[in-house]
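Heads up, there are several structures right after this.
Okay, so chain A shows up in both of these, paired with chain B first and chain C after.
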Partner chain A sequence: MRQQLVQAFIALLMIAVILLGVELGVREEYLKAYEFPPASRIVQGFIELTTVGFPTGVTIWSHIFVTVIRILKGYIAAMAIAIPLGMLIGAVPVLDKMTVPLIVFFRSVATLSLLPLVIVWFGAGELTKVILIAYGCFWVMLSNVIAGVKYVDPALIRAARAFKVNGWTLYREVILPAALPRMFAGARVALGVGFMVIVGAEMIGTIQGLGALIMEARSFYRSEITVIGMLVIGILGYLITSGLAALERLLLPWGGGSSEAA
Partner chain B sequence: MALKQSRASALVKAGIGPDAGLNPVVASPMIDIRHVQKRFAIRGGGQTVVLENISLSIAANQFVSIVGRSGCGKTTLLNIIAGLDAASSGEVLIAGQRVVGPGQGQGMVFQQHSLFPWLTALENVAFGARSLPLGKAEKISRARTLLELVGLEGSAGKYPREMSGGMQQRVAIARALALDPDILLMDEPFGALDELTRIEMQQELLRIWEARRKTVVFITHSIGEALTLSDRVILLAPHPGRIAHDITIELPRPRSRTDRHFNAIYEQVWRGLAS
Partner chain C sequence: MGSGSRAGDILWGLAGIIITLAGWELATRLGAIDPTIFPGPITAILTAAHQLPASVFLDNMAWSLFRVTGGFLLGAAAGTIIGFAAGWYRGFGYFARPLIELLRPIPPLAWIPLAIIWFGLGEPSKFFIVFLGAFFPVVTSAYHGITHVDPSLIRASRSFGLKGLGMLFHVGIPASAPDLATGLRIGWGLSFGVLIAAELIAADRGLGFMIMNERNAGGSVSVIIAGILLIGFLNLVTDAALASVLGRWIGRWHGA
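After this line comes the complex of A and B, so read on.
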């Protein structure tokens, strides 16, 4: 306990030293403020963002709101298709064999490399952004649901069969619950992918959203706003992921939550 | 290697009584394994014979252990009796009925980690009765009685990861009893437990066996365990799996491992395995 406090103190001290160093460096004109935004500027920028907004009229809260809604739309759409589809593919070996190469291929395509094509198909509006997020989340979730269903401990299946539990009952009461931890792990990773994709997806055709905020700040040499955008995305991602972990502990109280996603 | 059969004395031990003992063949066995062979295809063609012509009759209420080295086909034989695996040729009869699948009077206790982690102790035991046409309340009350039998009434709401290995195997035994089977098939159930817990569980199993009178087929690596528990010990020899010895243990229970007779039989079994 005491050792942990000391370690935390040293870590905080390091951060304070770096922030102070940047602050002094800029003040003494050794560093340029747009290359190394000092803490005081970041605080000012945050106040500006909460009052006037950047660009003027768009506050940080509406950036956050727009981004979260976009991520949730794409994420929920991806879950809604990936979960039932994965549960089907994982249960039918023939389907699994057929789809493996496709899934590996599409999963490997960097989501943002699809941007030009998706713009051609769906324009530069809302739909394009949501589709890109959904695409990124979908393949990660799909492969985890399939793996969860496919790699259920055979000892559990054998035990169920010994009690004359077969077919649909076996699937519903043994295979699905056994696959849940892996599905939750996949859902966590997929959400992280959503947050990674959002900045790129918001690069074009909008001035609202955290990704747009970061791009806009770049054109005006407002590096401190970019840093704020990064920080807010990080904090949001952390909060939502913690929320999912809490939900998992609530829904799976038997402690299956140690499973790792791939 | 002579095959030693002493079925008559085993039947007398099992409580059929001296009258039945006059003509033991009349009493039809609980488990009748007839010329069971199990082959597996090997990659690139050819076959490997796991079990070669196994014939074995087990009387009702008898406690039989099957001992042998790894790879001698013990678990395969148990799975065939359980109806989880099919013999390549030959057949198994339970109370005169040919085994075609699970649920014909077999209750199964597996090695560790066969409980469903998402179910509590009580729900795991109730799952054992899943295929019975009973209401949920009846299954739960049956499960509660069985948890009491294995001494775990206080842990009904615990998940498997909250229980020790010994407690988990008690739950597994209670679950196996949920279909009220005539036969308890046990696949190295105590193999992963520490020595002290293991000895406790052996005493516990004998107590349950006295209380519920089942026919038990018990697979183990441990000669000591087999001799402590069984009316009869079957030694399997590997490559291909076949019965090498069939030894009847007539020592009274509870048995002491330091007993002279116990040690004499231990020697005999040890030599049987080593040969």
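After this line comes the complex of A and C, so read on.
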């Protein structure tokens, strides 16, 4: 407890020193305000972002809203396909063997490298961004659902068989609960992937969303707004990961940790 | 590895690949998908080879590999040193950890605008983004590894007279090698993906630039598809190479 207090104190002290250092550095003209926006400018920029918006009319809240909705659309689409498909592949060994190299390859394809192709197919609009997020989330989720179903402890299955639990009941009562922690961990990692993809995807062809905000701000030499955008992205990412981890502990108390997702 | 023969697994895998490729090729031949916007694999690769000379592919590939290797090595070195130091020396950890934890939730791609502000549009900004892609996974895993060394190993080596740097190099680092190896592989994958994205958004050469430029210039979809496949294979092959090198390295201490 005392150690944590010391740690928190040092952390706050360091942040204060850095902010003060940049503030003074800019005031004394050792640093350029454009390259190192000082805290006073960042606060002003934040007030501007919440009231007027940047570009004018688009406040920080609507940037956040647009980004979150895009992530959710792609994420939910990916889950809707990956969960049933993964449960099927995981339960049928031949199907699993046939899809291993394909899944490894498709996971290796950098999601954003698909951007030019998807633009050719669907234009540079909303659908393209949603498809890219869905692609990134899909393969992560699929491999975790397959692994979850495939690596259920055989002792559990033998024990259930000994109690004459078979077929669909075995699947619902034993395999599914045993696979759920891994599936949930996959869902958590997938959301993180979606979050990384959206920031890149929004940097092209849109003025709405957090990725667009930080890129646009740079083109207009408003580096303080870029920094605010980055901080908001960081906070949002942190909230999403820690929120899902908390939800996981609440929903799956038999999970026993979830560091196994890959 | 579970039951079942390895050769059998490989054959089934090949069957899966062939069925997919054949299905894709057939779908374009039979007109189920429009071959002008989604050519089959054979058409795509042949057309791409015809339209862009191999030297263009190789040149862009060399630039991408140079950037990703350079940025990764810098990021992995910094991540390893800082992660180990933060875990081994509590005083340094007090200062390094809050900064790392504060910056870690920001995805590397979100640094692109700031990288351009600080370093311009040239090579340093690409290196910086790739650096970040490698740094955070590596620093996290190095720190985790070094702070989770079995205490009995530390006590045993202390009773043999090891301490300080000697203990770090002979006990601490070997014991945390598996964690570090995981971080290095995640870092490599992330570095690779992040570089391609950075090349799409702001670059004048590299594989990411090559495919984005092809689409902006209204060029051929075949080149884009061949480029995407090449990027995927490069990532796959380099990751496998890294995994085998790391496996051999860890095998020195942890059994093959």
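Keep this in mind: the second predicted complex is superposed on the first by the 257 of 262 C-alpha atoms of A that agree within 3 Å, B and C clash if a C-alpha of one lies under 4 Å from a C-alpha of the other, contacts with A are read in each partner's own complex, and residues count from 1 in each chain.
Simple rule for what comes next: a contact is a pair of C-beta atoms (placed from the backbone, for glycine too) under 8 Å apart; a residue touches a chain by one contact, two chains touch by 3 or more.
In this text the structure is predicted, and so the values were computed from the model without any measurement.
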(message) Both complexes share chain A, so when I overlay them there, do chain B and chain C fit or clash?
(response) fit
(request) Pick one for A:177: touches chain B only (first), chain C only (second), both, or neither. (result) first
(message) Looking at A:233, would you say it contacts chain B, chain C, both, or neither? Reply first, second, both or neither.
(response) second
(request) Report the partner of chain A that touches more of its residues: chain B or chain C. (result) C
(request) Based on the superposed arrangement, let me know which partner A:57 touches: chain B (first), chain C (second), both, or neither? (result) neither
(message) Which partner chains sit in contact with A:158 here, chain B, chain C, both or neither? Use first/second/both/neither.
(response) first
(request) Have a look at where A:167 lands relative to chain B and chain C in the superposition and call it first, second, both or neither. (result) neither
(request) Go through the superposed model and pick first if A:199 touches only chain B, second if only chain C, both, or neither. (result) second
(request) Examine A:254 and indicate which partner it touches, taking first as chain B and second as chain C; both and neither are also allowed. (result) first
(request) Once the structures are superposed on A, label A:111 by its partner contacts, choosing first (chain B), second (chain C), both or neither. (result) second
(message) Minimum CA distance, chain B versus chain C, superposed model, integer angstrom?
(response) 9
(request) Pick out the shared contact residues on chain A: the ones touching chain B in one complex and chain C in the other. (result) none
(message) Under the stated contact criterion, what part of chain A meets chain B in this complex?
(response) 153, 155-156, 158-165, 169, 173-174, 177-178, 180, 252-256
(request) State the interface residues of chain B toward chain A in the complex, per the touch definition above. (result) 82, 84, 101-103, 106, 108, 110-111, 113-119, 127-131, 159-161, 175, 178-179
(request) Spell out the part of chain A that touches chain C in their complex, as residue ranges. (result) 6-7, 10-11, 14-15, 34-35, 93-94, 97-102, 104-106, 108-117, 119-121, 195-196, 199-200, 203-204, 210-211, 214-215, 217-218, 223, 226-227, 229-231, 233-235, 237-238, 241
(message) Taking the touch rule as given, give the residues of chain C at its contact with chain A in the complex, in rising order.
(response) 4, 8-9, 12-17, 19-20, 37-38, 94-95, 97-99, 102-103, 105-114, 116-118, 192-193, 196-197, 200-201, 207-208, 211-212, 214-215, 221, 224-225, 227-229, 231-233, 235-236, 239
